[in-house]
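See the structures that follow.
Shared chain: chain A. Partners: chain B in the first complex, chain C in the second.
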Partner chain A sequence: MEVILDRDAFLKGLQMVQNIVEPRQTMPILANVLLETEEGTVRLSATDLEVGARVSVPARVVGKGAITVAARKLAEIVKELPAAAVALKVGDNASVSLRCAGAAYRLVGLPPDDFPAVAPASPGAWLTLEAKALRDMLGQTSFAVSHDETRYALNGVLFSLQGKELRLVATDGHRLALASRAIGEVGKPVTGIVPRKAIGEVMRVLGAGEEVQLALTENQFVLQMPNFVMTARLIEGQFPNYEAVVPKNHPGRLTIGRAALGAALRRVSVMAEERNKPVKLTLAPTVLRITASSAELGDAEETLDVDYGGDEVSIGFNSRYLLDALGPIEHEQVVLEFKDALSPGVVRSGAGDAYCCVIMPMRI
Partner chain B sequence: MDAFYAAVEQRDRPALRGRPVIVGADPRGRGVVSAASYEARRSGVRSAMPISRAARLCPDAVFLPVDMARYGRVSDEIMAILGDFSPLVEPVSVDEAFLDLTGTAPLFGPPVEAVRRIKRRIRDETGLTASAGLATNKFVAKVASDLDKPDGLVVVAPGSEADFLAPLSVERLWGVGKATARLLGELGITTIGQIQRLSEGPLVARLGAHGRELKALALGRDDRAVEPESAPRSMGAETTFERDCRVRATLERTLRGQAERVARELRASGLAAARVTLKLRWADFRTLTRSHTGDPTQDGLEIYRRALTLLGRERLVQPVRLIGVAAGALRPEARGQLPLLDPAALRRERLGRAVDRINARFGRATIVPATLVPEDPAE
Partner chain C sequence: MAREPKRDPVGLEAIEGQPRAVALLRRALAARRVAHAYAFVGPAGSGRATTARAFARTLLCETDAGCGRCRPCALVAAGAHPDLHILVPTPPPTNPRGARAIRIDAVRELERQAALRPALGRRRVLIVDEADRMTGESPEAFLKFLEEPPPDTVIVLVLPHARAVPATVLSRCQVVRFAPRDGGRPAGALDEATALLETARADGVAALLRRTDRLDRAGAEAVLDGLRLHCRDLLLARAGAPPALLTDPGRGAQVAAEAARCSIARLVEAAEACRRAREALVHNVTPRLTVETTVLRLLATTS
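Right, the complex of A and B next:
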């Protein structure tokens, strides 16, 4: 195998796949990236057996073939190379020579035969979406994914396609975030829990302009962009019945400026106890009071004028959860819905119901 | 206290006085010795020894089950006496406590006089003997209290701590168990004096940061304060099976009962636990612990679920000798994050309290989870 690549294109390709490679591996070959020649391109593949990615980089193919080399080392080298042509040639015993301008490397490779294939299933139907739309929806949900490994069904984002709607849902058992978007008719409803790592990688590689194609099969999530494909094994397990968790008809409702609420929460939570950053929201006619106190530090209070005329109610929340919920809202106004100190509160965008975050209170 | 459980039994049953008494599990079973009277100790019986071995060593002994409620009441009396001598009393266990006598001289005379008075009052009021160690810090005092049992009093004069410790075995040091003792043995170190003469370098190289602590302890330096009424760090329940068990259903059922007991204890103490720890001891005595940290709970079902998840991840490579569950990372109840996905949790919380009140009034097992009701053989 012998190929000549443009350094910048090569680096961009490597960066799209190298994060898949786990730093610690049970199989040595999984630390490597697979390079295969095709007509006018080199295909780079990386996998950890759960998540895999493949990208095609334009190249002049002098001799056909395939090889695997240490992914992180290769990316590190190419990152330091000058913007020039990179010549890569496989010699005897899977040794790889790499030359660029005056720099020359010899890399110890591994034969490609044992490399687990990155094999996208061939789904019946693709869903086409703007990259920005998908990135927004992931931004509206991924923060709520659980890190508790014992609750593996929560370690990912639920993708649900039904009717004319795509829904993304994530929950860690304390809060639940839901993003929905109208799409064309999808036919048969499908759902799948996409693991956290794949979500992070998708958000990293999604560009601004292009369109992406998604598909869910029995056990796989597939994402396609021009010259790029990512696969992820779906998390097996039962995702909670999220529709039952989103409260309907809460008696209390309040519209408030997003920036003002966020700033007040940040100011007050400085004095909240370190671990869960609890703050108390007390609503009374025309005023929202946010307070925090800590036995060691002292306390803080801030009041905001609000258009509220209902009963007085006081609810404790983890302020980090409230700020996370406000984070993906772009609209200037946010809507808060609530009932009492033991019932979940809801944060929505003033722009509509496409996004909501349900947060369970804390007892303070 | 000296042979505390056994001493309480001998006090309350005069027929047992002068006879070897062993308090612990059923001698035909596989539990351990909780306490042995001094008569039994002469036959080589020690606490924590397998009870079957104790039965072989001392076949004439009177074997009694542990009556924790009774020992607890006696313990309360003793702790109350200690409380008359200093506000700073730190109970270590049911029969052991640290007492800070700093500044009590105007009331009770020199500390050694105060200790004599304490011992006398314990003997007069409870009929039991205690051994005491008097020193400038907790570690040296504890070592001193162990040296002259029963009914002993060992005083270590200020400044003589290192000389006092020097001839003693390294195993007297806190944090030196079998493994560390073996490591030190490989360096030719068996006495505390040898550690005193050793520079920190090789100790730290061999034992890490722990080496530095050992060196300080060996020199008799310990600046930990006597902390009164320290909140419990964990609560747990353990069961040694009559016969090693490899039936998951039995393990699960045992855990279910243990989780209820731990939850009841948490509720009674007004605490909730963030950490649940599962303990398994295999037939060959190797012990495994697995923990999970989550939202604070005092709910038996939730503690059981978490322990079950931990158990589910373990392969039963061997039969299980002992299983246990412990609740740690304790904090005051009714605070903290509520669960979103378990809407019944708040109702179970109220249920747990109601069941506690009913069981307190009508007896411990009046209401138990259905899984713990013994199967009726008639059906």
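Right, the complex of A and C next:
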């Protein structure tokens, strides 16, 4: 194999895949990135058996072939190279020589045969989406993904394609975030839980403008962009019945400025006890009072004028969860829905119902 | 030192000396009634881990036969199959020469991997080699997993004897017994162990200490296994068993003479002491000291 690549394009390609490589590997070859020649391109692949990514980098292919080399070292080298052509040539015993301007390296590679394939299963149907839309939806849900390793089914974001809607749902048992978006007609309804690591990688590589295609097969989540494909193994298991969790007809409803509510929550929660950061929201006609108290530190209170005429209610929440729920909302107004001190509260955007976050109350 | 995953595992057809175990596995495969968990129980060197890998290859093979030619078979051979997870004991992260163990983090990682849908095939195979080295809360964590494994999962525990894991763990596995094999590690370990005993008896404690000077953890484990086998042989001989049942039938007369000097109760006690010492080695004890005290204790029993 012998190829000549542009340093900048090569680096960009490496950066798109090398994050997937886990520093501690049980299989040595997984620390490597696979380089394969194709018509006018070099394909770079990396995988940790859970998430895999492949990117095509334009190149002048002098001799066809494939090789694997240590991903982090290669990225480190290419990062330091001057902006010039990079020549890669595979020699005997899987050794790779890399030359760029005056710099020359010899890298010890591993034969490509043992590299686990990143090739996606051929999905039946692709869903085309703007990159920004997908990134927004992931931002609206990924914060609620559980970190409890014993509850596997919650360690990812549920993708659900049904009717004319794409829904993303994540929950950790204390809160649940749901983002939905109208799409064209979907053939067969499909669902799959995409693991947290893959979600992080997708958010990292999603650019602003372009369109992306995604698909769910029986075992895999596949994301495709021009010259790039990422696959992730789905999490086995049953995702909770999220539709039952989202309260329907809460009697109380309050519209409030997002920035004002966020700032007040941050101010008051300074005095909240560290572990769960509990704050109490007390609603009375025209007033929302947010309070926090700690036996050792003292207490804090802030009142906001609101347009509310219902019964007096007070509910305790983890203020971090409230702030997380406000985070992805871009609209200036947010809507809070509630019933009583023991029922979950709902945070929505003032812009519509595409996003909601259900938060379990705390006893305070 | 952590054992390197062996390359080129063979198919089930190439497993020698374990006709019963192989037949049992083949029947399960043929009837498509593969259990969700197996315990491969037998002495070290009897081919348990090799059989586990061969079994895994068959389970993951495209043709269901462990053909050795398809892509999954090749990946299993290369130790690169994404649906085959082999857990081996490792030394503590802070001390590469410490006791090897299967720690709770490793069990959790295995469970996390198992929570993902199979990457290539229809099922995944998890092999826990030297499952008796699960320390602390690992067996309990693993038990939870054994009780409710994800669908399409086959778990194989490799064990030296049935009681090496809590009964609750074993009761969830189908037990496959492996017979000791001639010329394997046990006989070598037995020689080493009896040599140590002889040295201590003939030349005194100082000579024993000189011999154990370079003993590392793996060596100590082998010696203790050997001592235990020796106790077993003595017990058998004392009870009047024919020499053919001994680990090394050639030593029948010698063993019988030694056995005649001690009581059955003392021998049972000695075997128990070997077992405890062997268990202690999994934890943070000094290997050399453990071996020395055990040898001296046995010496006291048999003289």
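Definition applied: the second predicted complex is superposed on the first by the 364 of 364 C-alpha atoms of A that agree within 3 Å, B and C clash if a C-alpha of one lies under 4 Å from a C-alpha of the other, contacts with A are read in each partner's own complex, and residues count from 1 in each chain.
By definition in this document, a contact is a pair of C-beta atoms (placed from the backbone, for glycine too) under 8 Å apart; a residue touches a chain by one contact, two chains touch by 3 or more.
A quick note: this is a predicted structure, and the numbers were derived from the prediction, not measured.
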Chain B and chain C placed together on chain A: clash or fit? clash
| message | Between chain B and chain C, whom does A:115 touch in the aligned arrangement: first, second, both, or neither? | response | second
Check whether A:220 is in contact with chain B, with chain C, with both or with neither, and answer first, second, both or neither. second
| Thinking of the overlay built on chain A, is A:330 touched by chain B (first), by chain C (second), by both, or by neither? | neither
Per the contact definition in the header, classify A:80: touching chain B only (first), chain C only (second), both, or neither. neither
Open item on the list: A:155 in the overlay: touching chain B, chain C, both, or neither? Say first, second, both or neither.
Closed with: second
Clashing with chain C: of 114-122, 312-320 or 348-356, the chain B stretch 312-320
Both chain B and chain C touch chain A at residues 150
In the complex, the residues of chain B that touch chain A are 292, 294-295, 306, 309-310, 334-342, 346
In their shared complex, chain B is touched by residues of chain A numbered 148, 150, 171, 173-176, 240, 245, 276, 318, 342, 344, 358-364
Per the touch rule, the chain A residues reaching chain C in their complex are 27, 29, 49-50, 113-116, 149-150, 152-153, 155, 195, 218-220, 233-237
Contacts from chain C onto chain A in the complex sit at residues 74-75, 78-82, 108, 111-119, 150-151
